[in-house]
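Which chain is which? They are A, B, C and D, in the order written, and residues in each are numbered from 1.
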Amino acid sequence: MAERVAVVGIGQTKYTATRGDVSLPGLLREAAFRALEDAHMTFDDIDCVVVGKAPDFFEGVMVPEYSLVSALGAVGKPIFRVHTAGSVSGSTAIVASQLVEGGIHGTVLTIGWEMQSCSEAMWALSVTMPFQQQLVAGAGGYFAPYIRQYIARSGAPDDTGILVALKDRQNALLNPYAHLHEHDITYESVRDSIMLWDPIRYSETCPSSDGAFAMVMTNEAGGDAAAAEGRQPAWIHATAMRSEPALAAGRDQVSPQAGKDCAASVFKQAGITNPRKEIDVAEVYVPFSWYEPMWLENLGFAEEGTGWQLTHDGVTARDGDLPFNPSGGVLSSNPIGASGMIRFGEAALQVRGMAGDRQIDGARKALGHAYGGAAQFYSMWVVGSDKP
Amino acid sequence: MSDQPTGQAANQAADDDVLRAPLLLEYPFRRTTGPVIGAYFTALREGHLVGILDDSGRVICPPVEYDPQSGKSLTKIVPVSSEGEVVHWTWNSMIREGQPFDHPFAWALIKLDGADTPIYHAVDASHEQMSAGMRVRARFALERRGEVSDLECFEPAN
Amino acid sequence: MRDVAIIATAQSKHVRAASTLNEVELIQPVIHEAIEQSGIGRHDFDFTCSGSSDYLAGQPFSFVMTLDAVAAWPPIAESHVEMDGAWALYEAWVKIQTGQADTALVYSYGKSSPGDLPRVLSRMMDPYYEAPLWPTSIDFAALQARVAIADGVTSEAQMAEIANRSRNAAASNPFAQLTSSPEVADLLSSEYLAEPLRKHDCAPITDGGVAVILAAGDKAREHCTRPAWIRGIDHRADGHHINFRNLCVAPSIGIAAEKAGVGMGPVEVAELHACFTHQEPIIKAALGLDESTVVNPSGGPLAANPMMAAGLIRLVEVANRIHSGEVSRGVAHATGGHALQHNLVAVLEGEG
Amino acid sequence: MSDSAPIELPEGLWSQPAVDTSAVDSITDVESVQLITTPAKFVYDYTPGVARTRFLRAIEQKRLVGQRCPETQKVYIPPAGVSPVSGLPTLEEVELGLDGTVVSYCIVNLDFTGNAQEIPYVSALILVDGSDIPIYGLVREIAPEDVHFGLRLKSVWVEPEEMTTSFENIKWWAPNGEPDVPKSELADYV
């Protein structure tokens, strides 16, 4: 029997376009120390550090964790770096959890980050390769045709994306860490924002943020000890990762098979047969508003072609029966290399009952989800207030 | 294991048949410094060098935000001299783009007076001048902007 | 811990420049050779993990493209590390320890030839104090060599002997890039590249890749007549800044060696990821090896050094010798970062 | 919303301790450096590889040549040399048509690339005749609002003397006047 794993510490930075007042090591240390203090631990209690971030070109530092070893208290310890494109820090959290689950380490610190103010995501994501035409304008230009295809297939009303953006940005107003706090956002302001990549409007697009997110994971004894002191752990019920090729003929990029398989696996492992009923809250990687209904279907929360109905019916709102992204989601904060771990960690905060004003009452089982590349890399976990 | 190398059998082609072209990756990366690294570059702009006190009372130059061994936060910026001693050095005659000079020079670990750990930097001297134990001093740029280039290099002190 | 073994391996013929191939074309035949050798169907691996670095060929999301080579359809459980493939193997080993996988495909590759590798590797240095000066990987290594010589850890003569021994040993390695060496005296009379390093002290720049199949317990025995069991594996990091470190010791290797159980038995063979001659004695000392151990019979990184693959190749070279029955117990070492900052140590054993 | 007061982070969160510069007079009363710039430039010797080179050599002759997966028989363009479904080399070349069909698209209203495209422009996923995977292409000679799924397109090429081994040989795609392809026939290509 594999070891049970508990998340006992969580720390994050305030997300912002340019943090400005900290260095790269300073940014990571802020998240790390907040997680350690939440866990009532110090670097001395940590056996291993597992880090993840998006491509090295973003910050212009190759294998940046090497110059961060001392800053992360990892001298003489293992440090491990995961990179799975946009899903990276979800995958990073999973690798960290497996080091505990496999009995290799007792307590692990994991951190995902991005300091996007070092460069511009648009530059790093759209390097002009020789012999090619520069046609696809950033991630939005890549994904917009698939969103259009989803709208056509499902017959979703045109304003579904507007509703998602409005909901997530309003949720962000309850999250002090969120990058965007648009107090005067309205349905009309989203609707009237510039159509960047029709059908994606400016206000339906994720920002570029500086930020870091850290978690402390420990074994069953450590989780029990925290619980005994009244510090509710988030118990990891299941983890899963799936990948598929970017350009496979016959691949459905609107609802990719890898996403379906990953969800099916994580729910099965967690003993969940009806995710719509059994999941209390989900933090799902929605970088463009329309991905909420798309993922609702892909994850099995809704039948194909009907995900948008849940959005319109308010099911995914804070007071709905399946709140999606009460943190404000990727649409409100997006340090790319941390965005996956933020989803995982916000899910954990919910089942720990420690999500502050964004807490969903009675959340006891939550999904964290991340995806990346050409909608081809997936990582997910289910966490709960109770031991699995 | 197989006895023979795998080779690249499937899509073999002669060198000159295959297209190639320069791929340019260029960006002026911006790095926010935080208060410690910021203090170092502020001091450089003012024509000085500074270090930071670590857990055991050593002066580390250039300063870092954390104790290199324990990772604990460091906060006390202290002055160090612009002069010091070469601890170890190597000779660089294959100059590459971005390096401090376009003529051969030394890379050295230099223990500045008042510091307990050496700084890694360039020394503009002839090969004959270089030796462990030699005295060097900082050469600052005339026009300083709070950037890496404010400290041009070190040079023989005598 | 579950028993996990390397059951199949493959490497490319390592070359200075695989100039006609993109990265997928470089690694695809290697992956498929390892898969075929294992006898496991290419869609039947429980887990896949790779190692690579975007900076080498200047190719953003390099690993996304090479995923095409592994038949990831239907979708697979897969991960990637921006580190040497030895750490990809480590992640796969962890996955098997959790019980979520019994078999794994691991691969890594490096195409360094498109760039100026020593200059590219300067981007691994501290981004505030070191990298803006653009010292190369060779400049950093030269400083470490200087300290090691000054402290009596090695000498230029011993370094030349290591270069000579390694490259001559590679004559029997069909994958090696450099397979012979001038006499030691001739090496010592050559010009410095970066004093005190001469050209022969440095690993060559190499394009190449490697693939490994892992399996647990009976699954390993089913697919391999003499599996190379991973009896211990651990990795550790030292601090980064070369001005804080004692460059002529590698404490992280010592810790990893102890955790991996290197000293629990005789070490017949050791494959060490020493990219510069002066690093071999530093690694040997940290591992506690004596003269009874044969070091780098493959020629080691001095004979072929595909970045992101050369560490995993060390495990492969030990495993191959266990598969063939040549040895029963060996140690593999992989490193990452400058001046031996991050180190992985594995103990491999055959049965019976 | 009337409540526009910034929400505060929880109290007592760790943050970097203040730095004491009092021992260094010269930096206590001056503006602190908060940002440095560290430019980096690399030029790589890029090769598209053997398979892609074949494709680009053909495109120089105004031909589109795909490669077939030996297992699934699907035709890839532009080929990378390996079928992502089977993982096997794609050695068989297939001559494709120069026309194609819109399987999806978006209308871009901002010039992200600095390539001075006329705004708005249409970036479409185009299934080239004879291939099994759509490529991105620019659609012109039609109002953006008239572009639709199933629209038949012809490739519009640069003048013969401007032809190189680059995708840029295709200036854009434009309607070819043929009837639309029914949606049902495109279902597998998104």
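Brief remarks follow.
Everything that follows uses one rule, which is that a contact is a pair of C-beta atoms (placed from the backbone, for glycine too) under 8 Å apart; a residue touches a chain by one contact, two chains touch by 3 or more.
No experiment lies behind these values; they were computed from the predicted model shown.
By number of C-beta pairs in contact, A-D leads over the other of C-D and A-D. Chain centres here are Cα means. That of subunit C falls 35 Å from that of subunit D. Centroid to centroid, with C-alpha atoms defining each point, subunit A and subunit D lie 24 Å apart. Annotation: 33 Å between the Cα-based centres of subunit A and subunit C. With centres taken as mean Cα positions, subunit C sits 27 Å from subunit B.
For subunit B, the set of residues that touch two or more other chains comprises 10-13, 17-25, 27, 29-37, 64-65, 68-69, 73, 97-98, 148. In subunit C, 19-21, 25, 28, 58, 65, 67-68, 72-73, 114, 116, 119-120, 123, 127-128, 130-132, 239, 241, 244 are the positions where the chain touches two or more neighbouring chains simultaneously. Within subunit A, the positions touching two or more other chains are listed as 20-24, 26, 29, 57, 59-60, 70, 74-75, 127, 129-131, 245-248. If the chains shown are joined wherever they touch, the resulting network links each chain directly to all the rest. Residue ranges of subunit B in contact with subunit D, taken from their complex: 10-13, 17-36, 38-39, 41-43, 45-48, 50, 65, 73, 75-79, 97-98, 146-148. The residues of subunit D lying in touch with subunit C in their complex are 36, 38, 40, 42, 44-53, 80-89. Contacts from subunit C toward subunit B in the complex involve residues 9-13, 18-21, 25-26, 28-30, 33, 37, 58, 114, 116, 118-119, 127-130, 132-136, 139, 142-143, 146-147, 150, 174-175, 192-197, 239, 241-244, 320, 323-324.
Those residues of subunit A lying in contact with subunit B across their complex are 18-26, 29, 43, 57, 59-60, 70-75, 115, 117-119, 123, 127-131. Only residues 2, 23-24, 55-57, 59-64, 66-70, 74-85, 91, 95, 98-99, 101-104, 124-125, 127, 240-248, 251, 256-258, 261-262, 373-374, 376-377 of subunit A touch subunit C when the two sit together in their complex.
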